[in-house]
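Below you'll find the structures, each written out as structure tokens.
Next, two complexes with chain A in common: one pairs it with chain B, the other with chain C.
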Partner chain A sequence: MSEIIRVEHLKKYFLFKEGIFSRRVKYLKAVNDVSFSINRGETLALVGETGSGKTTTGRTILRLYEPTGGKIFFEGKEITNIPKREFKKIRVQMQMIYQDPYSSLNPRMNIFNIIAEPLRELKYEDIEDRVLELLESVGLRKEHMFKYPDEISGGQQQRVAIARALGVNPKFLVLDEPTSALDVSVQAQILNLLENLQKERGFTYLFISHDLSVVRYISQRVAIMYLGKIMEIGTVEQVFENPQHPYTKLLLESVPVPDPKDRKRRKKLILPGEIPSPLNPPSGCPFHTRCPVAKEICREKEPEYVEVEKGHFVKCHFPG
Partner chain B sequence: MKKDEIIKVLKIMIRNKLSLLGIVIILALIIIALLAPFIAPYPEQAKGEPNLEEKLLPPSSKHWFGTDYMGRDVLSRVIYGARISLLVAVAVVGLGLLIGVPLGLLAGYKGGWIDAIVMRTTDIFLSFPPLLLALLISVTLGRGLENAIIALGVSWWPWYTRLIRGMAISLKEKPYVEVARSMGVSSWKIIVRHILPNAISPVIVQGTMDMGSAILEASALSFLGLGVQPPTADWGLMVSQGKDYLLNYWWYPTFPGLAIFITVVAFNLVGDTLREILDPRLRRRFL
Partner chain C sequence: MNVLLSIEDLYLNFTTFWGTAYVLNGINLQIYEDEVFGLVGETGCGKSVTSMSILKLLPSNAHLSGKIIFEGRNLLELSENDMKKIRGKKISMIFQDPMSSLNPLFKIKTQMVDVMKLHHNISKDEALKMARELLEAVKLPDPQRVLESYPHQLSGGMRQRVMIALALSFNPSLLIADEPTTALDVTIQKQILELILELKEKYHFSVLLITHDLGVVAETCDRVGVMYAGNMVEIADVEELFENPLHPYTQGLLSAIPDPRYKKPLKPLRGNVPSLLNPPPGCRFHPRCDYMKPICEKEKPELIEYSKNHYVACHLYGGKRNE
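== the complex of A and B ==
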């Protein structure tokens, strides 16, 4: 399997000025030293609470934010600092699907024009046939072609957004919580659609989500993020069946169980407190403030990655 | 805007009594302006022909609005004045939009030094009281209707620029703009297809309301002797000339004044309803 995306020590800091006259500035370290790679045709899920930096990571890879540090490779070529004009050609191959499908569609354009716009840019012939083909490949019909975004459902809006992305033949898609704004029944449909498209066209996905059951369903590998850092990364089996980081364990515990009998049997472990402000991150291991097994060393020294199995890395002093 | 949306908006406006009143008044004014030579009882007097035997007569069946100090029929002159007022309204707002909207779009979408230059220029214009600036330009250009229109239009555009720049700034962060950019759509096309159609609603509203204000300010310029020159029939000019006669011959300044008042109110009624319909937060109430 060949690598399509590689990220090395990626950093994205946002600058905050304190007061009007003060010269002091603070950094919000939204993404703080993140490294991973994704193979062609694979789905890597990026999981974390609100404010853990998962969306920022996705956006920085697409250079919607300029990275503060680190390197980004696309198909082996470094794209971190290449000039805008050159990047433009590469950027088309990397598309993003947004959390809120409605805001990703221009409300004043009909579906046909929304999907046709990038095709016109690429000078396609027979645009009408092509739009219809794209609509059908995401499960929409000809009758939707001349409707406006506010006349179709949320699920259909997301399908339109996907169809538009398909039009430019991307290789890599960042899916930023593509189903979290949708009804549960529609979520499954969109996930199936994304999965089928991946099989048919060999897409590579970076799937950003906080919904662990969805992640388990769609992805092959998972990275757990906390305060801008990856705490644990591995295959779905490794992370879900054999979680090594206390944070991962607590996250998995917090997934609701549908069967009430089962619910009683399970011992209750609740993730205490809230995620600390990334403006004032804790010293040492960022998770030590909420960690049930934290010791003195966790407060002082940031842990290194430990490879517990092949391809299964944990950033913890006391894994297991 | 979409065609069926325009029809929808029109339907709502007709259902709303106040905006219907505004629309009816404006339509009536347009018809009066177009048919002035046929409606006005004394078209020659409206164009300025004196009629000194009938100076300053009160309203009667022969002269419904009375006559002025040259014996001219005030009704005829008010009717002819509608032509000037509507022309002024459309031309001033049109000129303001023509300058203001492209500059605002460019400044908002591009940002950086373009934004800085455009915005500092609007600051200069906005630091003058609006009428004073129009007055200054008008004095510089000289008297006459065309110069008054240019003066008002030039002092007007910064408002539209500011309005549309703000819209453009918030719209350019929208995911659909981001997507278009990522797919290689040029800035120019993004501005025309994505920013302008979504930013124009508040400007339409403002423009409609401003038509009333434009008439008012053009009248003020005429009143001060800068805009339209006698003997052309213009509401502002008539009020200006009639003000000295107000105590003894009230009808002379009152009827042209009323005409200004009614027209301004009509444009405001329409603009107000338009704003309510086009504001997405208030929109659900209507649609």
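== the complex of A and C ==
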């Protein structure tokens, strides 16, 4: 299996002034030393609560935000600092799908033009045939071609966004909560579509989501983020069936299970408190303020990654 | 168990620029005392509007008919003045977005005290004391700080707790919770749902929980009603509904949701939710149904009791009310 994306010690800090007239600045460490790699044809899910830095990570990899530190490799080539002109050629192979399909489509263009625009830009030939082919591959029909985004449903809009991204033959797609704005029945349609496209064309996905049920369905590996750091990473089976980090355990415990019989069997474990402000993160292990097993050392020293089984890493002083 | 609220043949139309929207198409449901009733369905199925009808919080272009019986009285026949005595006192409501339910210009203290004074006829000091007790009841750490805060200084979970505190201040017998946790993270969702269940045990009210999330339903509700395009298609006890769903729509919904415990194949429902301006005739689900029969295009199936306490509206199960 070959590696398509590798991220090493990626950092993205945003600058904030402390007050309107103040010269003192604060850093919001949205992504703080994140490392992982994704193999070809694989789906890695980035999971976390609001403000954990999962979307910023996805955007920084595509250099929609310029990274503050660290390195990004695409197919073995470092792309962190290469000039924009050169990066443009590589960037075509990396596409992004957003949460709200309506705001990612130009309301003044019909579906045909939305999908054809990047093809024209890249001087493709037989654009009309290509658009038709793309529509078909995402399960839309010819008659949708001359409609406008507001005339089709949310699920269909997301299909158009996917068709547009597929047009330029990408290898790697960042999917940022692609189904969270959709109803459950439509969500299943889009998840199946993404899975089939991956099987047919060997796409690699970085799937950003807060919904652990969806992650369980779509991904092979999963990384759990908290305050800009990856707390645990491993295969879906490793993380879901044998969670090692206390945060992962409590997070999994919070996910509602669509089975009423499960209700009585489960312990009533609740993760107390809320995620702290990333402007003022806790010292040591960022999770220690909410952790049920935190000890003195957690407040003082940030834990290193421990490999508990092959490919399963945990950032905790007391894993297990 | 005693019936607390009973909705009988509720129809609701909206007159709009584009024509009449048939939003509720004869809803029947009963909520018992001391239970959590879940109302599930997709966007536009009419679940929120059902709760708004109970409180008669509808715009002027709405036309309601049918009966909503609460404590022996038909709410639809009550005057606006009588409704004011029910809203917020006997039936309270919390909404999806707690930010837009609170006034951003005033401190939590001011807003809570105003409400208490208005309804209870008590002095400011008494109202303040009561507000503090309520915030403690919803387990907000440091109630004094919360009282002195503006809404934007609180997190989403904390704001929802403030809303729950306000909703409970008059000991309502019914709490309507309209997607109370949809805007929150899963860990906070769990905190809020557990809080609602705990308070329900303590103060003995019923909950009408409106949600699109079948996982939330499975974890919190006693009974469930499934809605589709303005119709109640199935009502059953929560375990019965998940184990033995009768309506093809309920079956489709259950096989379309992923499970966090294991990877199961997802079978999506085909097609989309119909427009309510021009709903399909007969059973509104028939264009998406795999078991469609000729009668489904012509006649609307009635909600019948197929087995004990399990109601379904589908021609596969007779569909005629046995009276």
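Following the convention adopted for this analysis, the second predicted complex is superposed on the first by the 320 of 320 C-alpha atoms of A that agree within 3 Å, B and C clash if a C-alpha of one lies under 4 Å from a C-alpha of the other, contacts with A are read in each partner's own complex, and residues count from 1 in each chain.
Just so we're on the same page, contacts are C-beta pairs under 8 Å (C-beta built on N, C-alpha and C of every residue); 3 or more make two chains touch, one makes a residue touch a chain.
Here the structure is a predicted model, which means the values were calculated and not measured.
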- request: Based on the superposed arrangement around chain A, label chain B with chain C as either clash or fit.
  value: fit
Message: Touch test for A:Val92: chain B only (first), chain C only (second), both, or neither?
response: first
- request: Please indicate which partner A:Ser153 is in contact with in the superposed arrangement: first for chain B, second for chain C, both, or neither.
  value: second
Message: For A:Glu121 in the superposed arrangement: first (chain B), second (chain C), both or neither?
response: first
Message: Counting residues of chain A touched by each partner, does chain B or chain C come out ahead?
response: C
Query: Just chain B (first), just chain C (second), both, or neither: which does A:Glu143 touch?
result: neither
Field: Which of chain B and chain C A:Gln189 touches, first, second, both or neither
entry: second
- request: Check the residue A:Arg216 against both partner chains and state whether it touches chain B (first), chain C (second), both, or neither.
  value: second
Message: Applying the document's definition of touch, where does A:Glu66 land relative to chain B and chain C: first, second, both, or neither?
response: neither
- request: Could you say whether A:Asn106 touches chain B, chain C, both of them, or neither, answering first, second, both or neither?
  value: first
Task: Please provide the least distance in Å between a C-alpha atom of chain B and a C-alpha atom of chain C in the combined superposition.
output: 7
Message: Quick check on the output: what are the common chain A residues between the chain B footprint and the chain C footprint?
response: none
Residues on chain C engaged by chain A in the complex (per definition of touch): 42-43, 155, 157-158, 185-191, 194, 212-219, 238-239, 242-243, 252-254, 256-264, 266-269, 272-273
Message: Could you list, by residue number, the parts of chain A that touch chain C in their complex?
response: 49-50, 153, 155-156, 183-189, 191-192, 210, 212-214, 216-217, 236, 240, 250-263, 268, 270-272, 274-275
- request: Spell out the residues on chain A that touch chain B in their complex, using ranges where they run on.
  value: 62, 64, 88, 91-92, 94-96, 98, 100, 103-109, 117-118, 121-122, 148, 161, 164-165, 168
Message: Help me check something: in the complex, which residues belonging to chain B touch chain A?
response: 1-2, 174-176, 178-180, 182-185, 193-194, 197-198
